[in-house]
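Right after this note come the structures.
First chain A sits with chain B, and in the next complex the same chain sits with chain C.
Up next is the complex of A and B:
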């Protein structure tokens, strides 16, 4: 069952995440006519040689049989990606909004639809750079957590990136919680009086500014 | 919290702790290798596993002294450079043992010392585990305690799985059992006349 490939860590494996990413919609241009497809998750209308929106799994299946060409999603153009990369480099604590499954979608499209993407090498290297910069931000953010951190907020992080850091972060937070609990760090007791144990909420460590 | 069923907890409780007996004990000379009779004297210094020391402490039969791995020497080393200290040789269950010892021993600074050590080593673990190169790993990971190496392994395995996925390849793996060729034992049939 998905998410249970390693019961101790309870993460998704990478192929499982890729499978989940295939539910995203993309635009295709079929080059044949076909009548409507009725599948469990819905009906996909009769296909004419004009733009149709289908889920990615269907687009890949059609592409493998040479029945369509896939239009690259608009976030995957060179200009848009360079903009995103510049913005990522400029803001050291924020993540730019990107589609949730951008890593998986881009990999699937590179593998199966090479000829449909203009400037494929440029796009590929841009996505790699973006991924590298974002992961580096996650790491620097993780250095600052301590026992006071009750929760870590990562806005705009994509599915695959979350999946990579999830086991580490969960374990690290547990370990810090165990070490920093008030009974472990015992305050020096003054004679007679006992300080009331106030649970200090601590500062919220966001990995992005509010 | 790990409790009765956790294997790491059980193994951790086997760690020897040196205790000083407050009462004389008869018939358990086995515990003290230096005693001539079958008794343990009052005031004798003995090494007991943690689970036994804990129980006897609750019955006020012993007093527990600080284990060697929390001594001043270790503290100085950790203050010098937390990440390079080989904690596995001293005590592979450094942190868990420390957590358990804190309520039992008179030294109250162990808790904050553990916290300091962990924070220092955590940064190293963070950077090394995510770089996913095979070279730096063997030297560093032999210095980690059990708890830290679980953390390290978790990050490294998820990173390696991602890298492997990224290289591509088909999603369907052929089952290994199909790789072996079966011997087809068709006997050579005699030609029919």
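Up next is the complex of A and C:
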């Protein structure tokens, strides 16, 4: 039902995240002709056998009825993903830019458009590796949360990763805030050598000098 | 619908709002999605988007009629099913948005009716909160428990007569941390009262902050909860 996902846990259920992801645009090549669609979220078409940009839900609906082929998004190619994976492995503090809904989009395409993805097994294993490396970074980052963390910066994290880590992170931060806050005011402001370190760390940093 | 069906000037500003939204390339669905996400992530109830909900309902109704027409005229099944999908998706957003708000109202009904959060409710929500929530709950608590407690402990709002504040009223946890993103850079932003915590909010970066600190930004629409 519409409002039944437990608001106390991850806020969004996985299907709800998928719902959000389905509004992302993809390119399709229809194999039929169809007149323009004027739906609430926009106007699409008219459709000829040439590349068209439509939302993912529309593309999947067409694909299920065999009315189009979906063009793999540019970021889902083997070369691009290999680059991203290497970059992820090389920078232990930063996350590489990926589409916000990359997990959901790739999952949906694997499920419904297998024949449209070249080298699908390679792509699949690359994406799994990327997810693994990124999540490992998230976990390592979680260890650095302390009482003096008043904000966390997570550049380039994706929707699914955010949702998974949200319950733990929120409760941890809150517990620290509750138990540590009277001490925060008394901490001496030691800047100096710590400053450069704060600037260095790209993805996650204590935004207050220790 | 009760709200938004007012005088001519209200109508005019609604149209202007739509035009502005269209000009900026945001459809009503996008706006509704944003309102839904913000409402889900925020611990307290946010301002009711009366104009947006009204417009969404009108568009959905229009689409429903279109779909009916199409089915009657025997338009291609595929086209009908695509329109139906979009209809279902928009309906889901609208319903989920309203349901989340109802959940929050049910949870914090007494707190909402006592503070200026009451103004964030739509007329129908206010009616719901008053007659279905607070009245019934008060009556129930009084009949089943409060009337049998010793004198001095019978209030719904206070633990005992000697309490200075209304400590029996559950309040939303404003100190909770939320994930958020800003569309445009906000720059150095002060998180707390003592000025110790300054965060540089860059556009499109994801932050985890205390809700209390960014309340004002959320209200003015400059920050989105994720």
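Following the convention adopted for this analysis, the second predicted complex is superposed on the first by the 178 of 210 C-alpha atoms of A that agree within 3 Å, B and C clash if a C-alpha of one lies under 4 Å from a C-alpha of the other, contacts with A are read in each partner's own complex, and residues count from 1 in each chain.
Note that in this section contacts are C-beta pairs under 8 Å (C-beta built on N, C-alpha and C of every residue); 3 or more make two chains touch, one makes a residue touch a chain.
Owing to the predicted nature of the structure, the values given are computational and were not obtained by experimental measurement.
Counting the residues of chain A touched by each of chain B and chain C gives the higher count for C.
Shared-chain residue A:151: touches chain C; no touch with chain B.
Of the two partner chains placed by the overlay, neither chain B nor chain C lies in contact with A:87.
By the touch criterion stated above, A:20 is placed in contact with chain C alone, chain B being left untouched. Within the superposed three-chain model, A:120 lies out of touch with both chain B and chain C [touch as defined at top]. Of the two partner chains placed around the shared chain by superposition, chain B is the only one that A:139 touches, whereas chain C remains out of contact. Looking at the shared chain after the overlay, A:180 reaches chain B, while chain C stays out of its contact range.
Legend: residue contacts after superposition of the two complexes on their common chain; A:29 is shown touching neither chain B nor chain C.
Once the two complexes are overlaid on the shared chain, A:160 sits against chain B while remaining clear of chain C.
In the superposition on chain A, A:42 makes contact with chain C only, not with chain B. Shared interface residues of chain A (contacting chain B in one complex, chain C in the other): 11, 166, 178, 184-185. Contact residues on chain C toward chain A in their complex (touch as defined above): 27-30, 33, 37, 40-41, 56, 59-60, 63, 76, 78-79, 81-83, 85-87, 89-90, 92, 95-96, 98-100, 102-103, 175-179, 191-192, 194, 196-200, 205-210, 226. For chain B in complex with chain A, the touching residues are 95, 99, 102-103, 108, 111-112, 114-115, 118-119, 122-123, 126-127, 129-130, 147, 150-151, 154-155, 157-159, 161-162, 164-166, 168, 171.
By the touch criterion given at the top, residues 1-4, 7, 11-12, 19-20, 22-23, 34-35, 37, 39-42, 57-58, 61-62, 65, 67, 150-157, 159, 162, 166, 169-170, 173-174, 177-178, 184-185, 207-208 of chain A touch chain C in their complex.
Residues of chain A that touch chain B in their complex: 9, 11, 13-15, 18, 107, 111, 135, 139, 142-143, 146-147, 160, 163-168, 171-172, 175-176, 178-180, 183-186, 188.
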